[in-house]
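I've put the structures underneath this note.
Both of the next two complexes hold subunit A, though its partner changes from subunit B to subunit C.
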Partner chain A sequence: MSAALIVDLGLTLLILGLGVWTVAARSNNGAVVGYIAYGLLVALVWVRLAAVDVALTEAAIGSGLTGLLLLGVATRLPRSARLTRPPTGLGTRLLAGFLSAAVAGGLAAVVLLLPDPAPTLAPSVAANLPATGLGNPVTGVLIAFRAIDTLLESVVLVFAIIGVWSLAPKDGWGERPGWLRPAPLGSALTLLAQLLPPIGILVGIHLFWTGATAPGGAFQGGAVLAAMWVLAMIAGLARPPAVSRRWLRLMLVAGPALFLTVGIAGIWLAGAFLAYPVAYAKPLILVIEAALTLSIAAALGLLLAGPPEHPSAAERQP
Partner chain B sequence: MDIADFLLAAAVFVLATVALGLTRILRGPSDVDRMMAAQLLGTGGVAALLLLGVATDMNAITDLALVLALLAAFASVALVADARRPEPEPVPDDAHPEGKTRT
Partner chain C sequence: MTLALTLFTLIAISLGAIFFLAGTVGLLRFPDTLTRLHALTKADNLGLGLIVLGLLPQVDWPVGGLKLIAVWLVVLLAGATVGQLMAKAARSDAWNGSTDLEPPR
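Moving on to the complex of A and B:
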């Protein structure tokens, strides 16, 4: 096991070093690149902890899409917010550092003080998993045992879109999102955007489908699909749809709405809100996951596409 | 030394080379150097994951390597797309005149 120990130690040291550097980085772009690399390393750590589901989410959302979002934000900040000189005094920074260290220390203490064996519901999940027809306990917890959490999370994504859209300028409402400025056709980006999406769409659907029995699921699959959509939009092969389109809005709410409908139907069919009739548990879960994948892909893609802008605003800044 | 140990040792080697590349993230000097180091980390991460997956007999890791390979290129796409943007401050240009007339 010595090789495994060296991998773990090396990963820990890399993450700590990169984390410190990212916090201390002087340029916004540099800090974002550090954060992306940090996310990649965290995904490796989750693999070492045998939590492949979390590693998939971290790789797809934490490192992939969030990195894209933060890079876009870093270049959009007005120059006054890009100052290399820290805007606050030494006392404020010391206080912030002290509070952050206290939170980190408190979390570490809680983890170290856990009773041994740690309290866990894993055995009861394993005992009840066959009733759902699923093979992946993580999916079982997300979509059956703690379905209310997942339902609320899927609604939060819709709220996030409403928040981004509400930043639309006065004449921009109902137009197309304007953050992604398409590249001229014929560049290397065009080739990438033609080659990658067929593979990416396949992988996204595979992740959703395999989520029933192996690590994967709606969120990871949706994130990969969203990434492919955004790539096509950045390359100029697809235009972001106008936010007033009805099909777009239906797509955004399809997942949460179906989830909620099945959940309410469960009151009569299975005796409780968000309970599934045992005979139909697996097909119902798959249908909900499929709708959620679609809605999550649409929501994440639109989050990256930004608020709607009047077409003339896009012409002013090509 | 059995095969799993050998594969783990190979993963250690790949991670060590990536760690050397990480010095480019720390030192720069430009954002492009940093992004290239992050890309190297993505490639090395995929290799280390595949080695780990075989060594520990976890098939799901292959899916993770697939996702990393798909999305690792994304950050550089975004960096290039943003670097091409000629107007660095579109937001205040739109927002300022209105804000002033209102106050």
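Moving on to the complex of A and C:
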């Protein structure tokens, strides 16, 4: 038994144990904290599987951003809903457990029954990658070979923002998002929010730029940029912008709009929707990725900032 | 020379691992939040510092080494800040409104 196998086995057991612990946690906050740790461990598994791109995304979005969103929801629930009394009967819960186990069993069966070697498109991606001018096959798949998926994903983020904004109370429309209550100035958080953003913005841009040749890309870079923005907002050093601002809305749709424009232009210039003229593939992809990074950063930051609220709502709530 | 550097790496990383172990034992055994935070942040900062120190001879200079040092410095900053914030949250009553209580049995 090699050392690597022991580490992998330990990691797997830890994840399974943490999963059970998260499901069984008696408080919502506890379950969310378990979920965040679970996401970080899953990111380690992706690193062990040599899928560093997925690991970065899992750590930044799966664990960090989703964890923060869930934590916000857990603390916002009215106290009565926070008590984990079983809301349904034993039969319903048994049925839910049975269905979940069936899904898990089905997935396990599919993975175990795969022919050996498993069917893969990796050789054709490797063969066609030079045409895109990219060095990172993951970015190649995301932006060129399966561009339609990425385009739809970036549009989904805009829909998510519309969904969050539509939760605005009647007098809150057009105002600033109100979920992030800034901490008092002068705490340790203020210092962190002054020191970290210069480093974080550099790392975010680096992740976007290096995504062409190494693990990284628009989603990972955008997530880091959004984290820096949210840090400044939580520390009270920056106020979330009013949702009626035109520049904010332009920033949100810039990435998907540019992606769609280049994709439609491809019908005439390269013969297919979302195809790039080979001579300009690399610069076009970089421009699209840059706009996507900006839009993703804005969307993720605004997701955490919540729906707009009337300025007086801050005093009404505890 | 290579042997000496490998030996240095082994010793530094082992020391770092011991610090992590001590921090974890402290986290599990110390009586209240503040002492647990003390065990966690101090031991982790030193432990990670020793592991970074041990890895320095094994990576290419200057880029790899500077990246490792940068990681350590950022973790120091984050650990110190989070430690302060959690200690404040543990001590002040102002945050009680947002803590999640266990359901009564």
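Note that the second predicted complex is superposed on the first by the 315 of 318 C-alpha atoms of A that agree within 3 Å, B and C clash if a C-alpha of one lies under 4 Å from a C-alpha of the other, contacts with A are read in each partner's own complex, and residues count from 1 in each chain.
Going forward, a contact is a pair of C-beta atoms (placed from the backbone, for glycine too) under 8 Å apart; a residue touches a chain by one contact, two chains touch by 3 or more.
Keep in mind that this is a model prediction, so the values were computed, not measured.
Student: Under the stated touch criterion, which partner chain does A:I6 make contact with: subunit B (first), subunit C (second), both, or neither?
Tutor: In the superposition, A:I6 contacts subunit B only.
Student: Just checking: does A:S312 make contact with subunit B only, subunit C only, both, or neither of them? Give me first, second, both or neither.
Tutor: Neither partner.
Student: Kindly classify A:T75 by the partners it touches after superposition: subunit B alone (first), subunit C alone (second), both, or neither?
Tutor: Both partners, subunit B and subunit C.
Student: After the superposition on A, what does A:T261 contact: first (subunit B), second (subunit C), both or neither?
Tutor: neither
Student: First (subunit B), second (subunit C), both or neither: which does A:A43 touch?
Tutor: After superposing on A, A:A43 lies in contact with subunit B but is clear of subunit C.
Student: Name the contact category of A:S124: first (subunit B only), second (subunit C only), both, or neither.
Tutor: A:S124 sits against neither subunit B nor subunit C.
Student: Looking at subunit A, does subunit B or subunit C touch a larger number of its residues?
Tutor: Comparing touch counts on subunit A for subunit B and subunit C gives B.
Student: Just checking: does A:L207 make contact with subunit B only, subunit C only, both, or neither of them? Give me first, second, both or neither.
Tutor: After superposition on chain A, A:L207 lies in contact with subunit B alone.
Student: Once chain A of both complexes is superposed, is A:L195 in touch with subunit B (first), subunit C (second), both, or neither?
Tutor: The answer is second: A:L195 touches subunit C but not subunit B.
Student: Mind sorting out which residues of subunit A both subunit B and subunit C touch, each in its own complex?
Tutor: 27, 29-30, 74-75, 189, 192, 196, 199, 318
Student: What does subunit A use to touch subunit C in their complex?
Tutor: Result: residues 26-30, 74-75, 82-85, 187-189, 191-192, 195-196, 199, 318 of subunit A touch subunit C.
Student: Using the touch definition from the top, list the residues of subunit C that touch subunit A in their complex.
Tutor: 70, 74, 77-78, 80-81, 84-85, 88, 97-103
Student: Touching residues of subunit A toward subunit B in the complex: what are they?
Tutor: Of all residues in subunit A, those touching subunit B are 3-4, 6-7, 10-11, 14, 17-18, 21, 27, 29-30, 33-34, 36-37, 40-41, 43-44, 47-48, 50, 52, 55-56, 59-60, 63-65, 67-68, 71-72, 74-76, 78-79, 169-170, 180-181, 183, 189, 192, 196, 199-200, 203, 206-207, 210, 214-216, 220, 224, 227, 231, 234, 313, 316-318.
Student: In their complex, what parts of subunit B are in touch with subunit A?
Tutor: 5, 8-9, 11-12, 15-16, 19, 22, 25-26, 28, 31, 34-35, 37-38, 41-42, 45, 48-49, 52, 58-61, 63-64, 66-68, 70-75, 77-82, 84-92, 94-95, 98
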